[in-house]
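Presented sequentially are two complexes of chain A, the first with chain B as partner and the second with chain C.
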Partner chain A sequence: MAKYAAFSRVAVARAGRERGDLYGRVAFFAVILGVFSSLWRAAAEAGLCVAIEPRALVWYLAVTEWIVLSAPQVHLDIQEAIRAGDVVYRLGRPVSYVGAEVAAAFGVLAVRLPLLGLTACVCAFAFTGWIPPARAFAMAVPFGLVAAALLAALHVWIGLLAFWLHDVSPVYWVCQKLMFVLGGLMLPLAIYPGVIQRIAGYTPFPALLAGPASFMLANGGATPAALARDLAIWCGVTAVGLGWTFRRAATELTINGG
Partner chain B sequence: MPPAVELDRVSKSFRVRRPRRPGVGARVRDLLRPRTEAVTAIDRLSFSIAPGERVAFIGPNGAGKSTTLKVLAGILHPDAGEVRVLGLVPSHERRRLAFQIGTVFGQRSQLWYQLPPRDTFELLGRVYDIDRLEHRRRLDALTSVFEIGALVDTPVRQLSLGERMRCELVASLLHAPRLLFLDEPTIGLDVSAKAAIRELLRTGSEREGVTLLLTSHDTGDMERVCTRVIVIHHGRLLWDGAIADLRRGYLKTKRITLWTEAERLDLALPGVRVLSSGSYRTEIEIALEITPLGQVVDAAVRQAAIRDMVIEDAPLDEVIRTLYASAEPRQVTS
Partner chain C sequence: MTGSNRLAFARALVATNLKAALALRGAFVLQVAFMALNNFTFFVFWWVLMRRVTTLRGWRLADVQLLFGLVAVSIGATVTVAGGVRHLGRLIEEGDLDTLLTQPRSVLVYALGMRSQPSGLGDLLSGLIFIAASGEVAWSALPLLLVALLASAVVFLACGIAFFSLSFWLGNVETLARQLWEFLITFSLYPEPLFGGVLRFVLFTVLPAGFVAYLPVRVVQAPSVPLVGLLVLGASAYLGFAVLMFERGLRRYASGSRFSTFG
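What follows is the complex of A and B.
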C-alpha cells in the first residue's frame, strides 16, 4: 500500500501546483450555484410549481456539483500517456498500473474535495441563508466521498479505453450527459418521468450523484442502507471492469507494438 | 557467469488493420468485419549478452528494436522462442525483473512534468522498495555524478532537454539496476549534451558493472558508449560482433586526402575515384576490392612529393547503410 500512497502523495503535490485549475473550479462552482439559486428563487416567486423547496434544491446541487467537480479528469492523463508512449514506463514498474492510476486520482480528490466542499457550503449558505440539518451533512458527506472516489475510478476506466480509441473524449461526454439525465445532476430524480427513473436504476449514476445529494432534501429518496448497497455493488463492478479492461488493454498494446 | 540477456529464436508478430478500400460498400464491410494482416516484428531472433557488456542494438525504423526491448522488459509477450533476462523469464516474472532493470526512452518521460524531479525520485524510491537511507545515499551519489544538484528542485517543465535527460537517467538508475535498456537516449540533444550523456553512460556502466543495451540511430552513441553491435533488420539478426569488426567486414572503400608539391594529381587507376583535385590537395576514394591502398599511395608518390596524407575509413553511417541495403524485404502474411 505504501507504493500506492506514494502515487497519491505525488498527485497531491501536482494538484497543489495546478492552482489555476483549482481556482477555476471554485469560481465555476460559485457561479453555478449563484445562477441556479436565482433561477429557482425566481421560479418560486413567479408561482411556478416547484415540488421541492428552492433552498434545499440549491444544497442538493451543491452536493452533486461537489462530487462532479472534485473528480479528476484522469482519463485525459491516461490518454496522453498512451498517445505519447510514456505508458511504457508505467507498465514496466513493479506496481499495478491500474492501482497506480486510481491512487493518483485519489490524491487529486484529497486536494479538491475539502476545498470544493468548503466552497459548496459557503456559497450555498450565502445564496440561501439556510443550512440543512447536521444529519443531512452526516449522511451526504461520507456517501459523497465514496461517490467521488467511484467517479474517479470510472474516469480511469474511460481512460483505459484509449488503448483502443484514439480519443476517449466522446465516451467521457456521453457519460457526462448520462449523469446529467440519469444521475439527477441538476434536479432530483423524483422530478423526472417514471421511465427515466426506472432506466436510471440500472446505471451507477443515481448512486453517484442523486443518492448522496438527496439527503439535503426534506423527503430525500435514498435510504442510507440502499445507497450503501448500490455504491458497494458499483464499486465492485468498477473494480472487476478495470481489471478486465486492463488485461484486454495489455493484449491490445501487444497488437500495437507499444 | 550466466548471460544477462539471452534470446533463443524469439518471434513476435502483430495483427494490424489493412488499409481501407475505396467505396461505400467496402467501407461498411471493413467496418463490420475489419481485414487484418500479420506483421512480423521479430523473426527467430537469437543473441546473448554477457553481464557488464555495452551493446548497441541497431536497425532501421520498423526493424523490431523497440519491440525487442519491450519483450525483454516483459511488457510484451513473445509468440515463440525463449527469453531470459538476468535469469528470469520477463513475460512471467515482469514485476520481479522490474526491480533489476532500468529503462530510458529518449522520446518518453517518466518525470512528472509539473513537479521537480525530486518528487519523481521519491516516488520511485517507494515503487522500488528502496530503504530511505539507501535511497538518500544513492540519490546523493547520482546527483553528484550527473551534476543535477541545481535541477532536482526545479519543475521539470522548466528544464532543458539535456537537463531533463540527465534527470531521466538518474530516475532509471536510482534502484541500482543490473541491466539498463536505452532507447535513443541522446535524441534531440546538442553536441555537448550528447557527449556528456555518452560519457556518463560509459563510465557509469564501467563503475557499477551495469549491462547496457542501447538502441540508437546515432552512430556516435554506438562508437562512444558500446563495444559490441547487434544489427537487426525485418526482425532478423543481421550482424553481431565488435564495432571494429563491423567496419572491417563491410568496409569496401577508404578515403585519402593528399597534400602534395604538385598542384594536382592524375590517378587514373581502376577502382579509384577522384573526389576533388587542385590547390595542391587531392581527395580520392578507393574501392579496396579492386585496387589495394598501397598501390594507390605508390602511384601518388611517383607523381609528386607528398607533404601530408590522411587515410579515413568510410563513416560508420555508410557502413550501416550498406548493411541495411543487403537485407531482404519484409515478409507479410495475410
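What follows is the complex of A and C.
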C-alpha cells in the first residue's frame, strides 16, 4: 500500500500546484449554483408542481456538482500515455498500472473534494440563505466521497479503452450524458418520467449522484442502507471491470506489441 | 491585404481544414454525432422542467429551444470556421506566432483559421434542428434569422479573440480565458429574465451573453429596426475591439524563435 500512497502523494502535490484549474473549478461551481438558484426561484414563482423546495434543489445540485467537478479527468492522461507509448515503461514498474492510476486519481480527489465541498456549502448558503439539517450532511458527505472515488475509477476504466480506441472522448461524453439524465445531475430522478427512472435503476449513475444528493431533500428517495448496498455493488463491478479490461489490454500488448 | 483577399484566404483555410478532418471519416462522424447527442441530452433537462411549469418568467419551451438553437449554431459556426481561436492564447504564450508572422497573410485570420473542430458541425446541425423544432421562425423571417446568427457568431468569436489575446499582456491566461469562454456559453444558454441587477449589466458588456443569445432571440421573435441596428452595431463594435486588441497586443509580442513552418 505504501507504493500506492506515494502515487497519491505525488498527485496531491501536482493538483495543489495547478491552482488555475482549481480556482477555475471553484468559479465555475459558484456560477452554476448562482444560475440554478435563480432558475429555481423562477420555477417556484411559476408554480413548479413538485414536492421539493427550491432551496433544497440548490443544495441537491451543490452535492451532485461537488462529486462531478471533483472527479479528475484521468482518462485523458491514460489515453495520452497509451498513444505516446509511455505506458510500456510504466508497465515494467513493480506496481499495478491500474492501481497506480487509481491511487493518483484519489490523490487529486483529496485536494479537490475539500475545496469544492467548501465552495458548495458557502455558495449554496449564500444563494439560499438556508442550511440543510446536520443529518443530511452526515449522510451526503461520506456517500459523496465514495461516489466521487467510484466516478474517478470509472474514468480510469474509460482511459483503459484507449488500448483499443483511437480516441476515448466519445465514451466519456456518453458517460457524462448518461450521468446527466440517468444520474439526476441537475434534477432529482423523481421529477423525471417513470420510464427514465426505471432505466436509471439498472445503471450505476443514480448511486453516483442522485443517491448522495437526495439526502439534501426533505423526502429524498434513497435510504442509507440501499445506497450503501448499491455503491458496494458498483464498486465491485468497477473493480472487476478494471482488472479484466487491463488484463485483456496487457495480453494484446504482449501478442501484438505496443 | 484587402477584405476580399482575407475572405478568400479564410475560405481556403476552412476548405483545407474540412478536408483534413474528413480524412479521418470515422472520427469525424463520431465527433459530429456525439456533439449533437450532447446538445439533445442537455435539452432533456428543459423538457422535463417545462413539463412541470408552462412558463419561466414569460419564457416557454419553444423560446428556450430557439435560444438553444441560436447559441448552438453560433458556437458551431465559430469553432468550425475559426477553431484556432481556442488555441490563440497558447500560440501567443509559447511564441508560436513566429511562423505566421513570416507569411504574407493576416496573422489573425491565419491563426483563427488554422484549426477547425469537427464537433462544431454537430453543434450546427443540432442547433438548426432546435430552431426548426421551436416553430418560432417563419420562412419570411429567415433573412432576420441569418442576421441574428451571424451577429451572434461574430460576438462569440470576438470574445474568444479578446479573452485569449490577454496573453499578450498577462502571459499564461489559458485557464482564465477558457473559463471566461465557458461562462459566456453557460450564461447564453439560460433565459434572459433569470438574470438581473449588476449581473445583467455584466451580461451585456464584459461577458456579452446578451449579444450572443438574448438580443438575437429578440430580433427573431419581435424584429424592429432599432433592435436589429443595436445587434449589428454591437457585433461590429465587439469585433472591432477584439481585432484592435489583437493588433495592439501583436506589437508587444515576443518571439519564440521558431523556425518551423505550417502547411
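Details
Methods note: the second predicted complex is superposed on the first by the 253 of 258 C-alpha atoms of A that agree within 3 Å, B and C clash if a C-alpha of one lies under 4 Å from a C-alpha of the other, contacts with A are read in each partner's own complex, and residues count from 1 in each chain.
Basically, a contact is a pair of C-beta atoms (placed from the backbone, for glycine too) under 8 Å apart; a residue touches a chain by one contact, two chains touch by 3 or more.
Just so we're clear, the structure is a prediction, and the values are computed from it rather than from any experiment.
Looking at the shared chain after the overlay, A:P94 reaches chain B, while chain C stays out of its contact range. In the superposition on chain A, contact of A:R17 is made with chain B only, not with chain C.
In the superposition on chain A, contact of A:A42 is made with chain C only, not with chain B.
Contact residues of chain B toward chain A in the complex are 14-16, 41, 66-67, 70, 73-77, 94-96, 98-99, 101, 103, 105, 107-110, 112, 114-115, 119-120, 122-123, 126-129, 155. In the complex of the two chains, the chain A residues touching chain C come out as 20-21, 23-24, 27-28, 31-32, 35, 38-39, 42-43, 45-50, 166-167, 169-170, 173-174, 176-177, 180-181, 186-187, 191-193.
Remark: chain C residues 27, 30-31, 34, 37-38, 41-42, 44-45, 48-49, 52-57, 174-176, 178-179, 182-183, 186-187, 190-191, 193-195 touch chain A in the complex.
Looking at the complex, you find that chain A touches chain B at residues 2-3, 5-7, 9-10, 13-14, 17-18, 84-86, 88-95, 253-258.
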